[in-house]
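Input: one structure, supplied below.
We just call them A, B and C in the order they show up, numbering each chain from 1.
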Amino acid sequence: MKGHDILRVTAKALIPLILLFGLYVQFHGDFGPGGGFQAGVIFAAAIILYALIFGLDEAKEAVPPRALELIAALGVLLYGGVGIVTMVKGGTFLAYNALDPAHPTHGQHLGILLVELGVGLTVTAVMCAIFFAFADRGRRS
Amino acid sequence: MNIDVGLFNYWVVVFLMVAGLYTVISRGHLIKKIIGLNIFQVSVFMLYITMGKVSGATAPIFSETATAYSNPLNSVLILTAIVVGVATTAVGLALAVRIQEAYGTLEETEIIEMDGGE
Amino acid sequence: MPELVNIALLSFLVVITVVIIRSRDLFTAVMLSGIFSLLCAGLFTVMDAVDVAFTEAAVGAGISTVLMLAALSMTNSKEKVHPTNWGALIVAVLTGALLVYGTQDMPAYGDPGAPVHNHIAKRYIETSLVEIDVPNMVTSLLASYRGFDTLGETTVVLTACIGVLLLLGGRRREEDDHEGS
(Lines give C-alpha, C1' and ligand atoms only; values in the text may rest on other atoms or scores of the structure.)
Protein backbone atom coordinates (compact mmCIF):
# COMPACT_ATOMS: atom_id res chain seq x y z
CA MET A 1 0.00 0.00 0.00
CA LYS A 2 3.02 2.26 -0.25
CA GLY A 3 1.74 3.98 -3.35
CA HIS A 4 -1.47 5.15 -1.75
CA ASP A 5 -0.53 8.56 -0.45
CA ILE A 6 -3.77 9.32 1.36
CA LEU A 7 -3.62 6.07 3.30
CA ARG A 8 0.03 6.54 4.13
CA VAL A 9 -0.32 10.12 5.38
CA THR A 10 -3.47 9.40 7.35
CA ALA A 11 -1.95 6.33 8.97
CA LYS A 12 1.17 8.27 9.95
CA ALA A 13 -1.05 10.84 11.64
CA LEU A 14 -3.36 8.32 13.30
CA ILE A 15 -1.04 5.60 14.59
CA PRO A 16 0.54 7.71 17.38
CA LEU A 17 -2.91 8.90 18.43
CA ILE A 18 -4.18 5.31 18.59
CA LEU A 19 -1.19 4.29 20.71
CA LEU A 20 -1.78 7.25 23.02
CA PHE A 21 -5.45 6.37 23.32
CA GLY A 22 -4.46 2.80 24.17
CA LEU A 23 -2.26 4.06 27.00
CA TYR A 24 -5.13 6.25 28.22
CA VAL A 25 -7.56 3.36 28.26
CA GLN A 26 -5.04 1.14 30.06
CA PHE A 27 -4.44 3.49 32.97
CA HIS A 28 -7.90 5.03 33.26
CA GLY A 29 -9.64 1.70 33.54
CA ASP A 30 -10.23 2.54 37.18
CA PHE A 31 -12.23 5.68 36.48
CA GLY A 32 -14.16 4.90 33.34
CA PRO A 33 -14.72 2.03 30.96
CA GLY A 34 -11.44 0.45 30.00
CA GLY A 35 -8.74 -1.70 31.46
CA GLY A 36 -6.21 -4.23 30.29
CA PHE A 37 -8.12 -6.11 27.58
CA GLN A 38 -9.45 -3.10 25.73
CA ALA A 39 -6.11 -1.31 25.85
CA GLY A 40 -4.25 -4.39 24.64
CA VAL A 41 -6.54 -4.76 21.64
CA ILE A 42 -6.25 -1.05 20.75
CA PHE A 43 -2.44 -1.24 20.89
CA ALA A 44 -2.50 -4.31 18.68
CA ALA A 45 -4.83 -2.52 16.25
CA ALA A 46 -2.29 0.29 15.85
CA ILE A 47 0.52 -2.16 15.12
CA ILE A 48 -1.67 -4.12 12.68
CA LEU A 49 -2.55 -0.86 10.90
CA TYR A 50 1.16 -0.13 10.56
CA ALA A 51 1.74 -3.62 9.14
CA LEU A 52 -1.12 -3.28 6.64
CA ILE A 53 -0.05 0.12 5.28
CA PHE A 54 3.75 0.08 5.43
CA GLY A 55 4.42 -3.61 4.90
CA LEU A 56 4.83 -6.70 7.03
CA ASP A 57 8.65 -6.59 7.04
CA GLU A 58 8.75 -3.02 8.36
CA ALA A 59 6.29 -3.96 11.08
CA LYS A 60 8.33 -7.03 12.02
CA GLU A 61 11.42 -4.84 12.23
CA ALA A 62 9.64 -2.38 14.51
CA VAL A 63 8.07 -5.12 16.67
CA PRO A 64 10.13 -8.32 16.39
CA PRO A 65 8.11 -11.54 16.82
CA ARG A 66 10.63 -12.89 19.32
CA ALA A 67 10.00 -9.85 21.54
CA LEU A 68 6.26 -10.43 21.22
CA GLU A 69 6.55 -13.98 22.49
CA LEU A 70 8.63 -12.72 25.42
CA ILE A 71 6.20 -9.92 26.31
CA ALA A 72 3.19 -12.24 26.20
CA ALA A 73 4.76 -14.58 28.72
CA LEU A 74 6.00 -11.62 30.77
CA GLY A 75 2.44 -10.33 31.22
CA VAL A 76 1.18 -13.59 32.69
CA LEU A 77 4.33 -13.80 34.82
CA LEU A 78 3.65 -10.30 36.17
CA TYR A 79 0.10 -11.26 37.08
CA GLY A 80 1.15 -14.44 38.83
CA GLY A 81 4.09 -12.63 40.37
CA VAL A 82 1.78 -10.15 42.10
CA GLY A 83 -0.06 -13.12 43.57
CA ILE A 84 3.17 -14.71 44.83
CA VAL A 85 4.34 -11.40 46.33
CA THR A 86 1.09 -11.05 48.29
CA MET A 87 1.58 -14.58 49.59
CA VAL A 88 5.18 -13.75 50.60
CA LYS A 89 3.96 -10.67 52.43
CA GLY A 90 1.55 -12.72 54.51
CA GLY A 91 -1.78 -12.66 52.72
CA THR A 92 -3.42 -15.26 50.52
CA PHE A 93 -2.89 -15.52 46.75
CA LEU A 94 -3.86 -12.22 45.07
CA ALA A 95 -4.97 -10.55 48.31
CA TYR A 96 -3.83 -7.04 47.39
CA ASN A 97 -4.44 -5.74 50.91
CA ALA A 98 -1.18 -7.39 51.93
CA LEU A 99 0.85 -5.24 49.53
CA ASP A 100 0.55 -2.23 51.83
CA PRO A 101 -0.57 -3.34 55.28
CA ALA A 102 -0.83 0.22 56.64
CA HIS A 103 -3.23 1.39 53.91
CA PRO A 104 -5.23 -1.50 52.42
CA THR A 105 -6.82 0.64 49.70
CA HIS A 106 -3.38 1.77 48.49
CA GLY A 107 -2.45 -1.88 48.28
CA GLN A 108 -5.58 -2.54 46.23
CA HIS A 109 -4.73 0.32 43.85
CA LEU A 110 -1.19 -0.94 43.36
CA GLY A 111 -2.35 -4.50 42.88
CA ILE A 112 -5.00 -3.58 40.32
CA LEU A 113 -2.54 -1.36 38.42
CA LEU A 114 0.08 -4.09 38.13
CA VAL A 115 -2.43 -6.78 37.28
CA GLU A 116 -4.09 -4.74 34.54
CA LEU A 117 -0.64 -3.89 33.16
CA GLY A 118 0.15 -7.60 32.97
CA VAL A 119 -3.12 -8.29 31.17
CA GLY A 120 -2.55 -5.41 28.73
CA LEU A 121 0.97 -6.61 27.87
CA THR A 122 -0.19 -10.17 27.24
CA VAL A 123 -3.18 -9.22 25.11
CA THR A 124 -1.16 -6.79 22.96
CA ALA A 125 1.59 -9.29 22.32
CA VAL A 126 -0.79 -12.17 21.64
CA MET A 127 -2.96 -10.28 19.14
CA CYS A 128 0.08 -8.99 17.24
CA ALA A 129 1.78 -12.40 17.26
CA ILE A 130 -1.34 -14.12 15.93
CA PHE A 131 -1.69 -11.54 13.14
CA PHE A 132 1.97 -11.89 12.17
CA ALA A 133 1.61 -15.68 12.12
CA PHE A 134 -1.39 -15.49 9.75
CA ALA A 135 0.26 -12.90 7.53
CA ASP A 136 3.50 -14.85 7.28
CA ARG A 137 1.67 -18.01 6.30
CA GLY A 138 -0.27 -16.13 3.67
CA ARG A 139 2.85 -14.60 2.22
CA ARG A 140 4.61 -17.89 1.72
CA SER A 141 1.78 -19.37 -0.35
CA MET B 1 -42.97 6.97 25.34
CA ASN B 2 -43.04 3.89 27.51
CA ILE B 3 -42.99 0.76 25.39
CA ASP B 4 -43.02 -2.41 27.39
CA VAL B 5 -40.09 -4.31 25.91
CA GLY B 6 -41.10 -7.32 27.95
CA LEU B 7 -39.59 -10.51 26.61
CA PHE B 8 -38.60 -9.23 23.13
CA ASN B 9 -34.90 -9.22 24.10
CA TYR B 10 -35.03 -12.87 25.13
CA TRP B 11 -36.78 -13.91 21.93
CA VAL B 12 -34.08 -12.26 19.85
CA VAL B 13 -31.51 -14.09 22.00
CA VAL B 14 -33.25 -17.40 21.26
CA PHE B 15 -33.38 -16.55 17.54
CA LEU B 16 -29.65 -15.82 17.45
CA MET B 17 -28.91 -19.03 19.36
CA VAL B 18 -30.97 -21.09 16.93
CA ALA B 19 -29.44 -19.30 13.93
CA GLY B 20 -25.92 -20.02 15.19
CA LEU B 21 -26.80 -23.65 15.90
CA TYR B 22 -28.34 -24.10 12.44
CA THR B 23 -25.28 -22.58 10.76
CA VAL B 24 -22.90 -24.87 12.62
CA ILE B 25 -24.78 -28.10 11.94
CA SER B 26 -26.05 -27.52 8.42
CA ARG B 27 -23.39 -25.55 6.53
CA GLY B 28 -20.41 -27.41 5.13
CA HIS B 29 -17.72 -24.74 4.80
CA LEU B 30 -15.52 -24.73 7.90
CA ILE B 31 -15.19 -20.96 8.12
CA LYS B 32 -18.98 -20.58 7.85
CA LYS B 33 -19.22 -22.91 10.83
CA ILE B 34 -16.83 -20.67 12.76
CA ILE B 35 -18.96 -17.63 11.91
CA GLY B 36 -22.04 -19.53 13.15
CA LEU B 37 -20.23 -20.33 16.38
CA ASN B 38 -19.50 -16.62 16.83
CA ILE B 39 -23.18 -15.77 16.38
CA PHE B 40 -24.06 -18.37 19.02
CA GLN B 41 -21.53 -16.87 21.43
CA VAL B 42 -22.91 -13.36 20.92
CA SER B 43 -26.42 -14.59 21.68
CA VAL B 44 -25.24 -15.86 25.07
CA PHE B 45 -23.55 -12.50 25.76
CA MET B 46 -26.78 -10.74 24.91
CA LEU B 47 -28.68 -13.00 27.34
CA TYR B 48 -26.43 -12.16 30.27
CA ILE B 49 -26.26 -8.42 29.59
CA THR B 50 -30.04 -8.23 29.18
CA MET B 51 -30.45 -9.83 32.60
CA GLY B 52 -28.10 -7.27 34.10
CA LYS B 53 -29.94 -4.13 33.09
CA VAL B 54 -31.91 -2.32 35.78
CA SER B 55 -34.42 0.25 34.52
CA GLY B 56 -33.75 3.77 35.70
CA ALA B 57 -30.18 2.87 36.64
CA THR B 58 -26.90 3.91 35.08
CA ALA B 59 -23.64 2.20 34.17
CA PRO B 60 -21.83 0.62 37.15
CA ILE B 61 -19.28 3.42 37.53
CA PHE B 62 -19.54 5.33 40.76
CA SER B 63 -20.88 8.84 40.26
CA GLU B 64 -22.39 11.39 42.61
CA THR B 65 -25.64 11.80 40.68
CA ALA B 66 -26.55 8.13 40.31
CA THR B 67 -29.31 6.57 42.37
CA ALA B 68 -29.10 3.00 41.16
CA TYR B 69 -26.51 1.01 39.24
CA SER B 70 -26.91 -1.77 36.72
CA ASN B 71 -25.45 -5.10 37.71
CA PRO B 72 -21.66 -5.15 37.26
CA LEU B 73 -21.35 -8.91 37.76
CA ASN B 74 -22.82 -9.78 34.36
CA SER B 75 -20.40 -7.41 32.64
CA VAL B 76 -17.44 -9.07 34.33
CA LEU B 77 -18.48 -12.57 33.22
CA ILE B 78 -19.07 -11.48 29.63
CA LEU B 79 -15.78 -9.56 29.43
CA THR B 80 -13.94 -12.81 30.10
CA ALA B 81 -16.18 -14.69 27.70
CA ILE B 82 -15.54 -12.28 24.81
CA VAL B 83 -11.79 -12.59 25.10
CA VAL B 84 -11.94 -16.38 25.38
CA GLY B 85 -14.22 -16.37 22.33
CA VAL B 86 -11.74 -14.50 20.19
CA ALA B 87 -8.95 -16.82 21.36
CA THR B 88 -11.02 -19.84 20.29
CA THR B 89 -11.80 -18.23 16.94
CA ALA B 90 -8.12 -17.57 16.29
CA VAL B 91 -7.16 -21.19 16.94
CA GLY B 92 -10.11 -22.41 14.86
CA LEU B 93 -9.05 -20.26 11.92
CA ALA B 94 -5.46 -21.48 12.20
CA LEU B 95 -6.76 -25.07 12.04
CA ALA B 96 -8.86 -24.18 8.98
CA VAL B 97 -5.80 -22.77 7.20
CA ARG B 98 -3.82 -25.96 7.91
CA ILE B 99 -6.73 -28.11 6.70
CA GLN B 100 -6.87 -26.10 3.48
CA GLU B 101 -3.17 -26.69 2.95
CA ALA B 102 -3.48 -30.41 3.62
CA TYR B 103 -6.67 -31.21 1.69
CA GLY B 104 -7.00 -28.34 -0.78
CA THR B 105 -10.59 -27.66 0.22
CA LEU B 106 -12.59 -26.53 3.23
CA GLU B 107 -15.90 -28.23 2.40
CA GLU B 108 -16.72 -30.85 5.00
CA THR B 109 -18.19 -33.39 2.56
CA GLU B 110 -15.16 -33.27 0.26
CA ILE B 111 -12.75 -33.67 3.19
CA ILE B 112 -14.62 -36.72 4.50
CA GLU B 113 -14.58 -38.20 1.00
CA MET B 114 -10.83 -37.70 0.71
CA ASP B 115 -10.32 -39.31 4.07
CA GLY B 116 -12.04 -42.50 2.96
CA GLY B 117 -15.72 -41.82 3.29
CA GLU B 118 -16.56 -42.58 6.93
CA MET C 1 -36.73 6.38 23.99
CA PRO C 2 -34.04 3.85 24.99
CA GLU C 3 -36.59 1.08 24.53
CA LEU C 4 -37.18 2.21 20.93
CA VAL C 5 -33.43 2.19 20.23
CA ASN C 6 -33.24 -1.24 21.84
CA ILE C 7 -36.00 -2.70 19.65
CA ALA C 8 -34.61 -1.10 16.48
CA LEU C 9 -31.05 -2.40 17.07
CA LEU C 10 -32.32 -5.89 17.89
CA SER C 11 -34.38 -5.97 14.69
CA PHE C 12 -31.32 -4.94 12.65
CA LEU C 13 -29.41 -7.74 14.36
CA VAL C 14 -32.01 -10.31 13.30
CA VAL C 15 -31.98 -9.10 9.68
CA ILE C 16 -28.18 -9.17 9.48
CA THR C 17 -28.06 -12.69 10.94
CA VAL C 18 -30.41 -13.97 8.27
CA VAL C 19 -28.30 -12.36 5.53
CA ILE C 20 -25.06 -13.77 7.00
CA ILE C 21 -26.48 -17.30 6.99
CA ARG C 22 -27.78 -17.06 3.46
CA SER C 23 -24.78 -15.44 1.77
CA ARG C 24 -22.57 -17.85 -0.18
CA ASP C 25 -19.68 -15.45 -0.65
CA LEU C 26 -17.73 -15.59 2.59
CA PHE C 27 -16.13 -12.16 2.28
CA THR C 28 -19.62 -10.70 2.46
CA ALA C 29 -20.38 -12.84 5.49
CA VAL C 30 -17.23 -11.67 7.30
CA MET C 31 -17.89 -8.00 6.56
CA LEU C 32 -21.45 -8.37 7.76
CA SER C 33 -20.29 -10.05 10.94
CA GLY C 34 -18.14 -6.98 11.58
CA ILE C 35 -21.27 -4.84 11.35
CA PHE C 36 -23.03 -7.40 13.56
CA SER C 37 -20.38 -6.89 16.24
CA LEU C 38 -20.76 -3.12 15.99
CA LEU C 39 -24.53 -3.36 16.46
CA CYS C 40 -23.95 -5.59 19.47
CA ALA C 41 -21.60 -2.97 20.91
CA GLY C 42 -24.37 -0.38 20.49
CA LEU C 43 -26.84 -2.68 22.21
CA PHE C 44 -24.50 -3.33 25.10
CA THR C 45 -24.12 0.45 25.59
CA VAL C 46 -27.90 0.91 25.66
CA MET C 47 -28.08 -1.85 28.27
CA ASP C 48 -25.55 -0.04 30.52
CA ALA C 49 -22.66 -2.49 30.02
CA VAL C 50 -20.10 0.04 28.80
CA ASP C 51 -16.98 -2.04 29.47
CA VAL C 52 -18.43 -4.94 27.52
CA ALA C 53 -19.43 -2.65 24.65
CA PHE C 54 -15.87 -1.30 24.48
CA THR C 55 -14.40 -4.80 24.39
CA GLU C 56 -16.92 -6.11 21.86
CA ALA C 57 -16.31 -3.19 19.51
CA ALA C 58 -12.53 -3.53 19.71
CA VAL C 59 -12.36 -7.32 19.64
CA GLY C 60 -15.35 -8.27 17.51
CA ALA C 61 -15.34 -5.54 14.92
CA GLY C 62 -11.55 -5.19 14.94
CA ILE C 63 -9.41 -8.22 15.64
CA SER C 64 -11.93 -10.94 14.76
CA THR C 65 -12.69 -9.42 11.35
CA VAL C 66 -8.99 -9.00 10.53
CA LEU C 67 -8.18 -12.60 11.46
CA MET C 68 -11.09 -13.99 9.45
CA LEU C 69 -10.08 -11.96 6.41
CA ALA C 70 -6.50 -13.16 6.77
CA ALA C 71 -7.70 -16.78 6.95
CA LEU C 72 -10.08 -16.30 4.00
CA SER C 73 -7.32 -14.87 1.83
CA MET C 74 -5.48 -18.19 2.14
CA THR C 75 -8.47 -20.44 1.50
CA ASN C 76 -11.23 -20.63 -1.10
CA SER C 77 -13.92 -18.20 -0.12
CA LYS C 78 -17.00 -19.40 -1.96
CA GLU C 79 -19.32 -21.79 -0.22
CA LYS C 80 -20.71 -24.73 -2.14
CA VAL C 81 -24.47 -24.74 -2.61
CA HIS C 82 -26.18 -27.63 -0.84
CA PRO C 83 -29.88 -28.46 -0.84
CA THR C 84 -31.65 -27.30 2.32
CA ASN C 85 -30.92 -29.60 5.24
CA TRP C 86 -34.44 -30.17 6.55
CA GLY C 87 -33.33 -32.31 9.49
CA ALA C 88 -31.06 -29.56 10.81
CA LEU C 89 -33.76 -26.93 10.32
CA ILE C 90 -36.36 -28.97 12.22
CA VAL C 91 -33.94 -29.64 15.10
CA ALA C 92 -33.06 -25.95 15.27
CA VAL C 93 -36.68 -24.77 15.20
CA LEU C 94 -37.67 -27.32 17.84
CA THR C 95 -34.83 -26.16 20.11
CA GLY C 96 -35.93 -22.57 19.55
CA ALA C 97 -39.53 -23.36 20.45
CA LEU C 98 -38.47 -25.08 23.67
CA LEU C 99 -36.22 -22.14 24.59
CA VAL C 100 -39.01 -19.62 23.93
CA TYR C 101 -41.23 -21.68 26.20
CA GLY C 102 -38.44 -21.44 28.77
CA THR C 103 -38.21 -17.65 28.53
CA GLN C 104 -41.72 -17.32 29.94
CA ASP C 105 -40.16 -17.73 33.38
CA MET C 106 -37.62 -14.95 32.97
CA PRO C 107 -38.07 -11.76 35.02
CA ALA C 108 -39.21 -8.70 33.07
CA TYR C 109 -36.54 -6.62 31.36
CA GLY C 110 -35.07 -4.09 33.81
CA ASP C 111 -36.84 -5.40 36.91
CA PRO C 112 -34.80 -4.25 39.94
CA GLY C 113 -36.27 -7.03 42.09
CA ALA C 114 -34.93 -9.85 39.95
CA PRO C 115 -32.88 -12.46 41.85
CA VAL C 116 -29.70 -11.64 39.97
CA HIS C 117 -29.54 -8.13 41.46
CA ASN C 118 -30.24 -9.01 45.06
CA HIS C 119 -27.61 -11.33 46.42
CA ILE C 120 -23.91 -10.90 45.97
CA ALA C 121 -24.16 -8.13 43.36
CA LYS C 122 -25.75 -5.87 45.95
CA ARG C 123 -22.89 -6.56 48.34
CA TYR C 124 -20.30 -5.78 45.67
CA ILE C 125 -21.98 -2.52 44.68
CA GLU C 126 -22.25 -1.34 48.28
CA THR C 127 -18.78 -2.24 49.49
CA SER C 128 -16.66 -1.82 46.36
CA LEU C 129 -15.99 1.86 46.91
CA VAL C 130 -15.17 1.33 50.59
CA GLU C 131 -12.96 -1.74 50.32
CA ILE C 132 -11.19 -0.98 47.04
CA ASP C 133 -11.75 2.73 46.39
CA VAL C 134 -11.96 2.35 42.61
CA PRO C 135 -14.93 4.10 40.91
CA ASN C 136 -15.32 1.58 38.09
CA MET C 137 -17.04 -1.37 39.73
CA VAL C 138 -16.44 -3.66 36.79
CA THR C 139 -12.66 -3.15 37.07
CA SER C 140 -12.70 -3.71 40.81
CA LEU C 141 -14.66 -6.92 40.32
CA LEU C 142 -12.49 -8.09 37.44
CA ALA C 143 -9.10 -7.35 38.98
CA SER C 144 -9.70 -7.74 42.69
CA TYR C 145 -12.78 -9.65 43.79
CA ARG C 146 -12.61 -12.07 40.84
CA GLY C 147 -8.89 -11.67 40.16
CA PHE C 148 -8.25 -15.41 40.00
CA ASP C 149 -10.67 -15.83 37.09
CA THR C 150 -8.90 -13.06 35.22
CA LEU C 151 -5.59 -14.85 35.74
CA GLY C 152 -7.15 -17.93 34.15
CA GLU C 153 -8.45 -15.84 31.25
CA THR C 154 -5.04 -14.31 30.59
CA THR C 155 -3.56 -17.79 30.58
CA VAL C 156 -6.19 -18.88 28.04
CA VAL C 157 -5.15 -16.00 25.78
CA LEU C 158 -1.51 -17.00 26.10
CA THR C 159 -2.42 -20.62 25.32
CA ALA C 160 -4.26 -19.53 22.19
CA CYS C 161 -1.14 -17.66 21.08
CA ILE C 162 0.98 -20.77 21.64
CA GLY C 163 -1.55 -22.85 19.71
CA VAL C 164 -1.63 -20.52 16.73
CA LEU C 165 2.16 -20.17 16.66
CA LEU C 166 2.55 -23.96 16.71
CA LEU C 167 0.02 -24.40 13.92
CA LEU C 168 1.11 -21.57 11.65
CA GLY C 169 4.60 -20.65 12.70
CA GLY C 170 6.58 -23.56 11.36
CA ARG C 171 7.73 -24.28 7.85
CA ARG C 172 5.27 -25.57 5.29
CA ARG C 173 5.20 -29.24 4.33
CA GLU C 174 6.43 -28.77 0.72
CA GLU C 175 9.59 -27.07 1.91
CA ASP C 176 10.25 -29.93 4.32
CA ASP C 177 9.85 -32.53 1.58
CA HIS C 178 12.30 -30.79 -0.69
CA GLU C 179 15.03 -30.61 1.93
CA GLY C 180 15.31 -33.87 3.85
CA SER C 181 14.15 -37.38 3.06
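Quick note on the criterion: contacts are C-beta pairs under 8 Å (C-beta built on N, C-alpha and C of every residue); 3 or more make two chains touch, one makes a residue touch a chain.
Note that the structure is a prediction, hence the values are computed from the model and not measured.
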Remotest chain, subunit A as reference, centres from CA atoms: B
Chain pair with the higher count of C-beta pairs in contact (B-C, A-C): B-C
Length of the line joining the C-alpha centres of subunit A and subunit B, rounded to whole Å: 24
Where subunit A and subunit C are represented by their mean Cα positions, the distance between them in whole Å: 21
Separation of mean Cα positions, subunit C and subunit B [Å, integer]: 4
Multi-chain contact residues (two or more partners), subunit A: 31-33, 37, 123, 126, 130, 133-134, 137, 141
Set of subunit B residues in contact with two or more other chains: 59, 61, 79, 83, 87, 90, 93-94, 97, 101
In subunit C, residues with contacts to at least two other chains: 50-51, 55, 59, 63, 67, 70-71, 74, 135-136, 138, 142, 150, 157, 160, 164, 168, 172
Residue numbers on subunit B that touch subunit C, as the complex places them: 1-12, 14-19, 21-23, 25-29, 31-32, 34-36, 38-39, 42, 45-46, 49-63, 68-76, 78-80, 82-84, 86-91, 93-98, 100-102, 105-107
Touching residues (chain side subunit C, partner subunit A) in the complex: 50-51, 53-55, 58-59, 62-63, 66-67, 70-71, 73-74, 131-136, 138-140, 142-144, 147-148, 150-151, 154-155, 157-158, 160-161, 164-165, 168-169, 172
Touch list for subunit C against partner subunit B, complex: 1, 3-4, 6-7, 10, 13-14, 17-18, 20-21, 26, 29-30, 33, 36-37, 40, 43-44, 47-52, 55-56, 59-60, 63-64, 67-68, 70-72, 74-77, 79-80, 82, 85, 88-89, 91-93, 95-96, 99-100, 103-104, 106-112, 114, 116-117, 120-121, 124-125, 128-129, 135-138, 141-142, 146, 149-150, 153, 156-157, 159-160, 163-164, 167-168, 172-173
Interface residues, subunit B side, partner subunit A - complex: 59, 61, 79, 83, 87, 90, 93-94, 97, 101
Complex interface listing, subunit A residues touching subunit B: 31-33, 37, 123, 126, 130, 133-134, 137, 141
